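Take a look at the structures below.
Look at the two complexes coming up: chain A is in both, with chain B in one and chain C in the other.
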Partner chain A sequence: MKRIFKTVATSVATAALLATSTMAEEPKKGGTLTMAIQQTPRHLNPAVQSGTATGQPGTQLFASLLRYDEGWNPQPFLAETWEVSADGLSVTINLVKGATFHDGAPITSEDVAFSIDTVKANHPFKSMFAPVENVETPDANTAILKLSKPHPALLLAMSSQLLSIIPKHVYGDGQDPKSHPANSEGVVGSGPFKLVEFKRGEHVILERYENYFMEGLPYLDRIVMRILPDESTRAIALESGELQMSGFESNPRNIVRLKKNDALHVSSEGYAAIGPVNWLAFNTKGEKTSDPKVRQAIAYAVDREFINKALNLGTAPTALTGIHPGSPFYDATVEAYDLDIDKANALLDEAGYAKGSDGMRFALSVDYGWPAMKPYAEYMKPQLKKIGIDVAVRSSADFPTWAKRISTWDFDMTMDNVFNWGDPVIGVHRTYSSDNIKEGVIWSNTQQYSNARVDELMEMAGATNDANKRKELYAEFQQIVANELPLYPIFASPYHTVSSTSVGNAPDSVWGTSSPLDRVYLK
Partner chain B sequence: MSDINTQTKDIIDIQATSSLREMTTMFFRNYAAVAGLILLITILLFVFVGPLVHTTDPFEMVWAPFTMPMQEGFILGTDYLGRDILSAMMAGGQVSLAIGLAAALVSIIIGVSVGAFAGYYGGLVEELLMRFTEFFQVLPTLLFSMVIVALFGASLLTVTLAIGVVSWTAVARVTRSEFLRIREMEYVAAARSGSARDLYLIFKVILPNALPPIVVQANLMVGSAILFEAALSFLGLSDPNVMSWGQVIGSNRPYILDAGFAVAIPGFAIFLTVLAISLVGDGLNDALNPKLRQR
Partner chain C sequence: MGLGQILAKRIGYGLILLIAVVVLNFTLITIAPGDVADSIAGDMGGADAEVLAEIRSRYGLDQPFAVQLGRYISSIAALDLGYSYFYNAPVTELILQRLPATLLLVFSSQILAIAVGLLLGVMAARKPNSFTNLIVTFLSLFGFAAPVFWTGILLIILFVAIWPVFPVGGMMSALLIDAPWYEQWVNIAYHLVLPMVTLASIYLALYSRLTRASMQEVLGSDYVRTARAKGLAENKVFYKHALKNSLGPLVTVAGLQFSAVISGAVVVEAVFSWPGLGTLALQSILARDTPTIMGILFFSSLVVIVVNILTDMALRMIDPRIRAD
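Right after this comes the complex of A and B.
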């Protein structure tokens, strides 16, 4: 474990060095960047659609109010300045002057208010703007958000793909924003690039917007985002130079191979805000898995180190809690459940499940929702046999089948990968909050976990802007859930951005490739 | 009536015995078929007797992942989870062969029934049954079986049925054509004139004489069913709790560039088995088909 940590530390240091050396160079203008995205986006408007398939092209087309650097610091974007009142109940935003949509119309505070309303009403992440009661627009350049309570996630929720500023004069025509024709065709955006062509299953082609509000940017003339679902195809295209960049690469074998290639730069930076955590989730209302002792025994029996070494080849950082290890709120002091088969056996004995004559105690099933999760699910079968649990691996024909089984609580255990989405309020609370036990909704609290103190801690941490206080609250929260273990976190998905060494300023902010690529250039 | 029936039966029996002896001779004169038979027996011994000697659980993680063959005492190496590939090949072979046989049996039961009734009755019955057969024939087989497995869940039973259900059409066609030919034969007419019932004629009189080409077809079916199961497993649509050769290929496939042997070994086993079955099938075909004997 320590060695893995060291390797991560060294690679971070190297990455920092590389970053400073590239920064010294003068960026060049022009050129076409060919990069890959992994799925055809449902459409290109992140205001009403979550997910990085929409987010990667969407953040080029639409600017947000703020952007974040690699150290979680908010930076001005469409908002030139912003100010949170002392009581945390109002946020005043001054927009940058002279910003225009791709059709030439000015971007005003009206559009900001409209965008926030649209996101609040249509985006699946309801917690992002739930406390925003209304948005006042005293003049064209000022927007004042009035809140019902302090909302610490607000600044992050105003960045990247979480708040796209969309034109009111286009989307305010009374049509349903979720199925608006301008989501896919003739997109009128506010970001650094405008849409040339979106061809499903093939590509999204973007072109520099000449009147972009940031002086001298973007550097690139064009971005071609090719839609390539197959990871081997992408790896080969990166090696041959056909692709210059690809984000969200997560196949450990490919990562290790591409790292050896001198013409490529492979970085794990840029995923702290997306915050993907892989875990083994338990149905806490399941016949056997309702007993915390059973869940703890399973955690003691699963060898995180084996998974990280043999299956992830050291490409993935260990995750001990549902909060991503890259988050400032991560607490590494929680019970880690390091491999201890004897303890696991003792816990099961205590729970009243004695071994039968064949050495087995009881049977459980483990699900997985998509092929990348299969090896981890398969690993559980021989591993948990060691403590007398007969595991059946259950495959699902497709993602919706799995999502339905899990969200209707028809499971014992499942491998899962859930994103933090910046602030715990947006992406972590949903997993543990007892009022988010929602039948039929995947990535809600499908574990059906409920603990009044945990609910209370999350509520308090979600209603104060005091970072230190929040850290304390989240620490207590992580201690409790690590003890009661509705889910057993294993690792943070090994997402990597692979880019050609000819690409300058490869995205390394906390939002990675789901952020504007206006500073990326070709050497 | 019973006299005539007994008589007919005797004639058939005599024919069967003499042709069986002749067939055996023909078969063993065909070196390729004999080689196939030896290969097949070797594979059966490996798969069914092997586990008695080599008792490692195919699901148990016994060593570091991707230990090369012939190292650390692992004759065929270990897979991506560090499981013994030799055990997986034995246990997987049992499953692959069992699925192959069971699926072939399913397709023969469906195919022979449909073909027999269509060929015997003719007319509207034939018309309906053959249109029904054509309906299944035009469906892309792999896709159709994927749909069945996706709908009813991946278990050994559904996979076997799915393969059987998509591959019976050839049997139905062969059976029908044999029935069309045989039903006009004199001994059938003789039996019929003795007022034998339809079912008796179909299953006792005509079917035994129509068997040779069906047997050949069935044999080939086993090979293709094994390939089918491998394809389904490769696509991740087989039961993950049961080791089969296709399963071994499917689960090690992501690592093919790093540890090709884990994919190559089960692939080679499938190749050898299907080859052995085809050789035997060819030999049977030559031995059973009198028109080709002069070839």
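Right after this comes the complex of A and C.
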């Protein structure tokens, strides 16, 4: 099957987008948007640094080849057209003409090849471009990616913060790109906004790039990203109007409060690609938790409804599998483990753990790594007591302490929140693949789960571009892991974007605020 | 012993203390579970094994503890605070960037606390059984008892959420980066009010109680009675004779409190998103960014030691009896 995506002229795309927009207002040019990011980025170059702290300013500074709309459809960006060959082993990209870096130099296929090489060598997610063997550059506007096998995650990996197009004439000077001075100061980007000032702990200030390759964009003159780690501070600043936008707001109480404010718009759109799933993970090599019956019993005893109603105040979508419910591959038909204490008790009896005279069977510990996860871990204690499991909640002083414990398998159960990062190949396989049981690596397969069929399904789903075939493979995969239950998915993080009603075109694509804010405007 | 000799001795003790601070803190940070590679991975939403191994070998985290400590001490001895793992920038640069904000907060709040504390203490001492005294006692106890983060949040709720007269945090509006310097200064002063008052609240209580107690003691002494007996005006007795002699304890405590003020600043900076050393310290600890934490600890212990030596010297100048010892 040969798929050719025809060019859509930028202006037409913009016009169409605006026509279908529910707010049929004419976007206004100008103004400064003040928004919050939650921590100081290590630096601003997403090509060598993952994570949302770098991603939010980074996607303004650097354009990628593609962008995605709210329905997971790839859209032209720096790539005007792209064509995947029938065998899936080559992808031809035609760059938009006239695009320039912030220093005025043209963006060429050489830069694309250099960016892909840099990301492949330095980005923490090796799976994104691992099958890319080399990038040919027959002319300045054409780049041809040669693959060792079909790679279905490739198009997503060419979008948002996963593939920033960086200038070869700046980063190709022989210095290590991970610690290149141009990552933080004097950034020469390719995106809609250029850097004015990056003050650690204070703000990132961005300014419209006048020669941006998309005609008439961006609308905003400036974006001020204030670094505000405290969620209450952000909530008050949104209410007082000091902030006009903040993404990744996840405290249920704040979300409920801000939703009642007429001057604010609160949306849960824009997090499907980041794909954060919260689960209770089991150490499948643990003395008690190695028995699937024990894990299933715990799942039956945990009341997902209660967690979503009482702890999340209805702000978080239910997640039944490790694939985010917003993903096209999500399978909602898997065993949901609805609350059933009798069944849980029966399973534990079957597993050979009879209740003692005090009504208890055995003891387990549950970990959590950061404060937001604490209520869920605490909830396990009284709830699992009902089936005779004596749960000890173990807290960690900080993230590295928890990461060390979990990644060295020193745990029974832990609350966790893991991101899908677009395609399952990038962010889901790592959790289940038996190749990825790696000591000292957090968010690897720290459950130490191993199933040959699951490995095989992931390998097949990761090596075909046929979306329907992949859907089938991932459906079988989700059925198996839902039964064997190396982890019990509970909900998708209640991430919300809060914006003032004066903000037009608030980001709602699958990449949310980690995508170019070139169409955002102030009314 | 001459003043010079005492100074030399104090500096000698100071140096020993600095070395102890470095060794002890480096040990504590290294034995804590987890390292900067874990925190970088956490920040990035995960990372592959090779990436983590590379980070660990790049920063020498795979070396034995003794080697790491030795390397650090030799670089400190060469007055090189090293390179931040987390921010990819020299630690000296990071500290110097943040230092002005912290100094502004610490000194302005100390000046406020000493000025108002003295005033309230003197007022209370003049009329020990008055209503003023009662109020001062109440406010002092309240300010002293309330945790500083709580005071900060309370002020934010009152003056930002309910009655919005002050900004919620930060040091200067980013919209003013191109504005003339005086507009920026006014804006910084405006942002400074709440954090300054919050940090001052603890010490205000302490200083006013201290002034009151020491004034009352001095006022009961023989030479004050003599001064009064020889017919000096009450104001003169009060401010010239009594106040000067009751300043000793205040200077001692203010100097010794300096380290506590710095740790208080860490909390206040976090509450008000004040971009100083405190927020940097907090972030670096959470990130296990050893060179930055060590740099800040080294730097702040240096400051505390210097301030203590200066306090010592100042006391000797105020009070001739100490000088004679």
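One rule holds for everything that comes next: the second predicted complex is superposed on the first by the 500 of 523 C-alpha atoms of A that agree within 3 Å, B and C clash if a C-alpha of one lies under 4 Å from a C-alpha of the other, contacts with A are read in each partner's own complex, and residues count from 1 in each chain.
Criterion: a residue touches a chain if its C-beta (ideal position, glycine included) is under 8 Å from a C-beta of that chain, and two chains touch if they have at least 3 such contacts.
If you're wondering where the values come from, they're calculated on a predicted model, not measured in any experiment.
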Superposed partners chain B and chain C on chain A - clash or fit: fit
Touching partner for A:237 - first (chain B), second (chain C), both, neither: second
Touching partner for A:311 - first (chain B), second (chain C), both, neither: first
Touched partner set for A:398, first chain B, second chain C, both or neither: both
Which of chain B and chain C A:430 touches, first, second, both or neither: second
Most chain A residues touched (candidates chain B, chain C): C
Which superposed partner A:385 touches (first chain B, second chain C, both, neither): first
Per-pair minimum CA distance [chain C against chain B, superposed on A] in Å: 6
Intersection of chain A interface sets (partners chain B, chain C): 397-398, 401
Residue ranges of chain A touching chain B (in the complex, touch as defined): 251, 253, 257, 310-311, 371, 374-375, 377-379, 381-383, 385, 392-395, 397-398, 401
Chain C partner contacts - residues on chain A that touch it in the complex: 32, 34, 39-40, 42-43, 49-53, 124-127, 178-179, 183-184, 196-197, 199-203, 205, 224, 226-230, 232-233, 236-237, 239-240, 242, 397-405, 407, 418-419, 421, 427, 430, 438, 440-444
Chain C residues within the chain A interface of the complex: 32-36, 38-52, 86-89, 94, 97-98, 153, 156, 160-161, 164, 167-171, 174-175, 177, 270-271, 273, 275, 279-280, 283, 285-288
Chain A-facing residues of chain B, complex: 57, 59-61, 64-65, 80-83, 149-151, 153-154, 236-237, 239-241, 251, 254-255, 257-258
